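You will see two complexes here that share chain A, one where it goes with chain B and one where it goes with chain C.
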Partner chain A sequence: MSLWVDKYRPRTLDELHYHDQLSARLRSLAASGDFPHILFYGPSGAGKKTRIMCTLRELYGPGVEKLRIDQRVFVTPSNRKLDVNVVQSNYHIELTPSDVGMYDRVVIQDILKEIAQTQQVDLNAKQRFKVVIINEADALTRDAQAALRRTMEKYMNNMRLILCAGSTSKIIAPIRSRCLLVRVAAPTDDEMSKVLHHVAKKERFHLPDPASDAIISSSSGNLRKALLVFEAMKMQRPDLSGDLDVAKPDWETYCGKVADAILSEQSAQKLLEIRGKLYELLSHCIPPTVVMKTISERLVEKVDDEVKKQIVHWTAYYELRMRVGSKKIFHLEAFVAKIMMVYKNYTLMGMMDDIDMF
Partner chain B sequence: MDVDEESSEESDDYEDDDSKDEPPKKSKGKAAPKKTPPPKKSPAKKLATKKDLKNEETEKTENVKFEKPNYHAVAAARAAGPKFAGSKEIPEGEPDCLAGLTFVFTGELDSLGRDEASELVKRYGGKVTGAPSSKTSYVVLGENAGPKKLETIKKNNIKTLNEDQFLDLIRNRGAGEVDDKTLKARAKAEQEIMKQAAELEAREKAEESARKRKEKALSGTGIASKKIPPLSSQLWTTKYAPQNIKEICGNKAPVERLGVWLNDWQKNYKSGFKKPGKDGMGIYRAVLISGPPGIGKTTSAHLMAKMAGYNPIELNASDARSKKLVENGTNIDNTSLDGFFAGKGVQSTTAIGDLRVDSRTCLIMDEVDGMSAGDRGGVGALNALIKKTRIPMILICNDRTLQKMKPLQSTTFNMTFKRPGPAEIRSRLMSIIFKEKMKIPANVLDELVKGANSDIRQVLNMLSTFKLGKTDMDFDEGKQLLKMNEKNMLLTPFTIIERLTGPYAFSKTNKETLNDKMELYFHDFGMVPLFMEEHYLKTAPAGLGSYAGQEKDLKHLELVSKAADSISDGDLVDRMIRGSEQHWSLLPLHAVTSTVKPAYFTYGPMRSQGGPGSGFWGPSFPQWLGQNSKQTKLQRLLTDIQIRMRLRVSGSRQEIRETYMPLLATKLVMPLIDDGTDAIEDVISVMDEYYLGKEDWDAFVELGVDTMKDDLITKKIPSATKSAFTKQYNKSDHPIAFHKGDMFASAKKKIADVGPAPDNEDVFEEDEAPPDDEESVKGEDPDEEVNDVSKDKLIKAVAAKGKAKSKVGAGAGKKK
Partner chain C sequence: MTTFASKSAGSGSDSRLQPWVEKYRPKTIDDVSSQEHTVAVLRKALASTNLPHMLFYGPPGTGKTSTILALSRQLFGPDLFRSRVLELNASDERGISVVREKIKTFARETPRHVGVSSDGKTYPCPPYKLIILDEADSMTQDAQSALRRIMETYSRITRFCLVCNYVTRIIEPLASRCSKFRFRPLDSTSSQSRIEMIANAEGVNVDSGVLELILQLADGDLRKAITYLQTAQRLHSATTPPTPVSNMSIHEISGVVPTDTIDDLLRSMGVDPESGIDQDFLKGGFEAVKNNIKGISRDGWSAGQVLEQVHDRLIPIATIGTIAKAQAALAIAECDKALCEGGDEEIQLFECCLRIHAAMAR
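Up next is the complex of A and B:
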């Protein structure tokens, strides 16, 4: 009953469908015996984790797939207890320090060092070093990244790091220079359709091209999303024919409703109402940037060309502030207020010149 | 307004006796002719304005036909403030030009708010009352005046003014034009004050000479005694502490009862506190006085004890009052003979500090609610003490509703002191002021008392400080002094927000500076910005006054957007303050961006929340706090889900939420809605596949929004299905991704608590073997259990097999 996306996940480098060159390089790296620290980066759903696991398998054999999860409890200097989930096999350990927010430095200092200071116990292991995977490396605070620097050099004998990040821009230069950077680009449409057809073949049905195109266009390079959408579509319409509208996730429809509310009426009262909706989205773990982006996209779809420019401008303006600031809702609200004002001004006066962009 | 205009307009509603005679009071005559015709504001000014125009004189109306006033409309209009706020110039009048006059405001004025207007009156020595009566000198009528008030006005023949006339009155009336009656009253009051002051003076002299004598005597004996400070160097609060009942301001009734109780105490003691007596106080050994600070609780207690012939001993928060000390240190058993043998001036042995305890002692426990950490068991011990005391005890606290004061409720008589009104304090304060040779008008003093919340102590302290620099005070100085002393009071964010965004917070008459506004933020700089953020959308900004229609809406949006931008700026500053950089010196900037600026843009009366009848008008508590903790909670749940699914899924938390959950919902939740109980098997197998437990399923539902919102979903699933689902899920074993650290800890504890093992044994057996399952499944269960912990690939196969079998088994079971 696994979802397709998990069921047909490639397990070895050979099974990977695209980026063959990259696979070959990873294979030779694993074989060389001199495995470097690696920083995998690329958009989500491109296959970073899959490739990491495949590489590990290449390094250690199937043993790396025997995963177990531990929960470590440690105490911060301010006496707060924090749980960190650690996923590990006999040969590697996977951490997500950003789970604990601003305390990630403690995780790096305590747990990582502890792992790094012990040698590989399993004498039969193919490699003398262990591998530590750090997820969401771009969400690490600067302090945590700084704490990582020295560890990376000092314990090179015992440990190799694999960092996994969305982009390298938030990773400090010293770390970048200590890693081999591996970019995992999002699959092209052809590559995606190859994968989709592969899955269809395994599931023993035929995937018509229009359906495949619809899926690919709606998933914007995210293969994970594509496969999930594919399965959802197959569940809705087993024959995959006719008018295929891809079901939107709950949060996306809700963001759409917010956008519609903005356009339906522009007033403080409405803004108050929208505030409630925004709070709901945020509290239900939808990242604020996603919320803002989705709303903005929806708005742009519906307004006149002249306003589009403004909307995009203000979205960018407030997104930056949101990333810098700490209380996201304040910026979201300011964004909505600004859009309301711009739009109202446009509908009343039809001119946009008197609102300055700064 | 001109006379002819008046006469033309009076036609519809009223019939006047057209004789435009001069108003009986001379002041009016002076004011009326000089006034300039003010511009008529708008045609919207109707009924009420017309009324003002003509009723300088008696209105003899036959048809005062009013629609029943809609309370909410009136309240809303009042909250909305004046229509053309600040449109008229506020005149600068002679000081005390309204002295002796009593004003009543009714209806809405054009440019002045009610508060502003009454402050004006007070500034010039006038008095403002709520309802018109025969003693009212003028009624200032505005739009939509209350029908009841109009009736009274008519009946009592009171002079009325409109707003412009009112302002002219201030502008033109000479200083201190007072009629005889007021003069007489004033003279009488003055005499009284002089008498009291003389009394004070005499007393002071007597005390001073007594002190001198004593000092002389002591210096002769050579005993190195403490020097008694001269009276003039004492604090005013001690110097002018009341010496008899008459001098206690306010709370006459409770003070008298206290005296009666003290007088009867010995009698009641003899009768064993059985007879309640006239006022029911006879059964109590102790009295608990409660009330706000500075209204004379301690003073009254001391005074009454002394007057009843007791020797009061006071213990307050500065003394340690732990259980032991309370029990040993106080002579409540009244057994000590110390007092009899000790000569005057000799330190007794059972004394606390240098207080003597003898037979006629009254114990005053001050600041009982301050008994805390250091005074372990204090209140309990005190209560035990009360039950067996042989001397009267007076307990004093500020708030007797506190939890820790509960034990005292039943053993003490509760006596509440209220804040005395300005009138009750006035004469006493005036005589003190007179004695100190200061000159402070009564209206200023009243403001001081009101501003200090009737805290006599604070007023006295303020005055004594003020005297160091100046001896006379005018209205503005009084306000200033109040403001200076106000800082010591911590305001709650609710009041702060009301003051920041109130209808006149930034109006022309408001004299607060930017610094004052920022000061408000510093009362509680953690909460105030959150309150501001919550509140700024809920006002009807005063800046919109002259706009209308669509333009008004646009302007409103513009203001709101500016405020929101400023709040957003504030958050960026906040990040610099509280982030890794810790720039705490930026707090003032944060004050401006997060609080003052948004308040400036959006200040104005509250808009009604959800239409009339919703009742609540004040600022509300910021949602942010609740929403933030909700977010933290859901984030934790999501992390739990993610880490469980991690064995199958590579995605991060966000990926799980954004892409997996919508699809998984169709496999985990929708089937239960669509197919009911039939779908349970499938749902459970999907859950097992991803190591999700029942709690995770609940969390999963809770994380949904829009059409997947949790309450919608739970409503859609029939309760029968829900309970069947829970039952079915609990019946079988499920793979577990990992055990939480704390789960072990709590489980262990429980077992230890339960004690003997057999119980657990039973439970385990039941858990392990669902009654109708086949052997094969049973055999595999422990296997599964063991292997699940290590989670290897092989086990997955086994688990799947087990599942398959159990499904078959279930099917077989059904067939049976």
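Up next is the complex of A and C:
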């Protein structure tokens, strides 16, 4: 038995629940026979991948759903071997080159050349070109993106690219100018409740409104999260009535605790204690950026307006440093220490140091 | 549709499938839009059939690759093009080993003399070969320095053409061996005539003002403009019956954030897009900015794009004081740097907007 997220994932463009205009546009593109390279972008859980698969199905028919998983080996110029998992059907190939870190360029070059230089053999195929899907395109290195540029133009006859990214900021301009940009916005609250009710109907039970509201407010536009929470809730409490408490993930509560600790006492002793908590979070593979953002969100809820600005400022400051630096825990700690300082200054003396370093 | 599918499965290359960018690449250097200065110099070189090593640089979509391809076609003709021109770009492996082997071997071969071309025309066919290194700024330093000596040793029988966006990424010794050509962003008249030509040739049905909008959004990048036009045409010709291309769909394709969204964001920062700083809007404070940023990131707009548009909208407002504006500009610049270095979009944009808010409130 599969999870509801997969079980009720729309398979065709007609089944999609929201962004009707976008679906219509994708349908007409698929039918025109003149399919461009596409860059899908939008927040996670908005349905980018679902739309990509639906578009593929529209292009090639049900054949694309016969997937097989291969492990491919690529050799870097320095003779290192890279293993990459590749999902493919007869008509498309899907890969996540950013998995191999700085060697993603090799993977891109090899795979694209291979696909681009072989023509479609299957004469019954609906389209002459194959489709290459690249996940997490915004995590590709600049080199890898540069490697895409000319290939995209040169081999247009045999291949189309579909890129999937969280945002377009990290995609270099030459690639953006070669793609059709498709924005997949997160569903609105109404659209989410429509989907939740649809799933409930298919599972043959009634979803009370307070329950659906609780789920929606906790998932902030991430439909995947909403459906997972929904299923978990249903398991715990089959009747879905009464006082519903959406189970927050452990790490979120834990981050909340860190925030409380920061505000309760500002001392070196406390910092040491928090450091333990941070290590705990990191060792459970919670991305450090998410940890920092969540802590800062919790903090902002509990302090005065003046301090809020400071907290956001220092979050941004240390988040960037964390990105540029290499050891995450240093910057998390520095962040906590800084916030403690700012807060203590404010509570003791009502003083704010000037954010702006003009 | 069925007729089309069978046709496309049978025939070799269907011109309908070709991107217009490729289809309407200039055939001769005289067709190259704008860039009069470069073209004039190259025309002289073509007449005397003597070329220097060349370095083309300029922003994307200004015709660098097109120019060199057209030039080499005019020099060598279709038959010799394959044997005399080596085109390498960033999608090819271009490490130091390739420079040492592939480029060196190619540079070393002495070109054969060939008489009349198969299509009956005579081409200048100068006695040297051309190596085009497209996107040269993505070559490593080592690979570039390996080129230095090769360029000199074989300069009798080989010419190099480096094409890049940023001339600063080409090492000095290489740059000094080449004559540099700067490609300027296209001016509006020449790009307009080009895009009108393509629109007519493809029979694109457009609403009034659409072409102007495309050019405005493309901002001197002709490739972008042509791609927008083709994509819009695809969308509109696929509907039944085909509709003329509208402003709305161009906006949607280009990924530009709607002005309303930007204006809302500006208001939350205490700025009225028409009249400047507004005390009523300033009162919204932290929460207003926060809600707006949440909304923007939920809609999936890219922070870089939002930032650019906020800048374009905020800076021209005349009633905002110089100091406030300068502080806002600083905040925007720092946020842009943070985004380039890979900072988290939501938090960086949030911080930037709060700083602008503070600057306006001062």
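By definition in this document, the second predicted complex is superposed on the first by the 334 of 358 C-alpha atoms of A that agree within 3 Å, B and C clash if a C-alpha of one lies under 4 Å from a C-alpha of the other, contacts with A are read in each partner's own complex, and residues count from 1 in each chain.
Here is the rule we use: contacts are C-beta pairs under 8 Å (C-beta built on N, C-alpha and C of every residue); 3 or more make two chains touch, one makes a residue touch a chain.
Not measured: the values here are computed from a predicted model.
Undergrad: Identify the partner contact of A:143: answer first if only chain B is touched, second if only chain C is, both if each is, neither if none is.
TA: It touches chain B and chain C both.
Undergrad: Using the superposition on chain A described above, determine whether A:198 touches chain B (first), chain C (second), both, or neither.
TA: neither
Undergrad: In the overlay, answer first, second, both or neither for which of chain B and chain C A:157 touches.
TA: In the superposition, A:157 contacts chain C only.
Undergrad: Just chain B (first), just chain C (second), both, or neither: which does A:324 touch?
TA: Both partners, chain B and chain C.
Undergrad: Considering only touches as defined above, state whether A:70 meets chain B (first), chain C (second), both or neither.
TA: The answer is first: A:70 touches chain B but not chain C.
Undergrad: Once the structures are superposed on A, label A:302 by its partner contacts, choosing first (chain B), second (chain C), both or neither.
TA: neither
Undergrad: Intersection of chain A residues contacting chain B with those contacting chain C?
TA: Comparing the two interfaces on chain A, one with chain B and one with chain C, the shared residues are 142-143, 324.
Undergrad: Which part of chain B faces chain A closely enough to touch in the complex?
TA: That would be residues 533, 537-538, 550-551, 553-554, 556-558, 560-561, 564-565, 567-568, 570-572, 574-575, 578-580, 607, 623-624, 627-628, 630-631, 634-635, 638-639, 643, 646-655, 657-667, 682, 685-686, 689, 703-708, 737-742, 789-793 of chain B.
Undergrad: For a test of understanding, state which residues of chain C touch chain A in their complex under the given definition.
TA: Answer in residue numbers: 1, 4-5, 8-9, 13, 16-19, 21-22, 60-61, 89-93, 95, 97, 134-135, 138, 165, 221, 223-224, 227, 230-231, 234-235, 237-239, 253-255, 285-286, 290, 294, 297-305, 327, 330, 338-339, 341-348, 350-352, 354-355, 358-359.
Undergrad: Across the complex, what residues on chain A touch chain C?
TA: Counting only chain A, the residues touching chain C are 25, 28-29, 31-34, 36, 41-43, 46, 77, 109, 112-113, 123, 125-129, 142-143, 146-151, 153-154, 156-157, 167-170, 173-174, 176-178, 180-181, 183-186, 220-221, 289, 293, 296, 300, 305, 308-309, 312-313, 315-317, 319-320, 323-324, 355-356, 358.
Undergrad: Would you tell me which residues of chain A are touching chain B in their complex?
TA: 1-3, 5-6, 9, 44-45, 49-50, 53, 62, 65-73, 83, 85, 87, 96, 99, 135-136, 141-143, 222, 224-225, 228-229, 231-232, 235, 247-251, 253-254, 257, 266-269, 271-272, 275, 279-287, 290, 318, 321, 324-327, 329-331, 333-334, 337-338, 340-341, 344-345, 348
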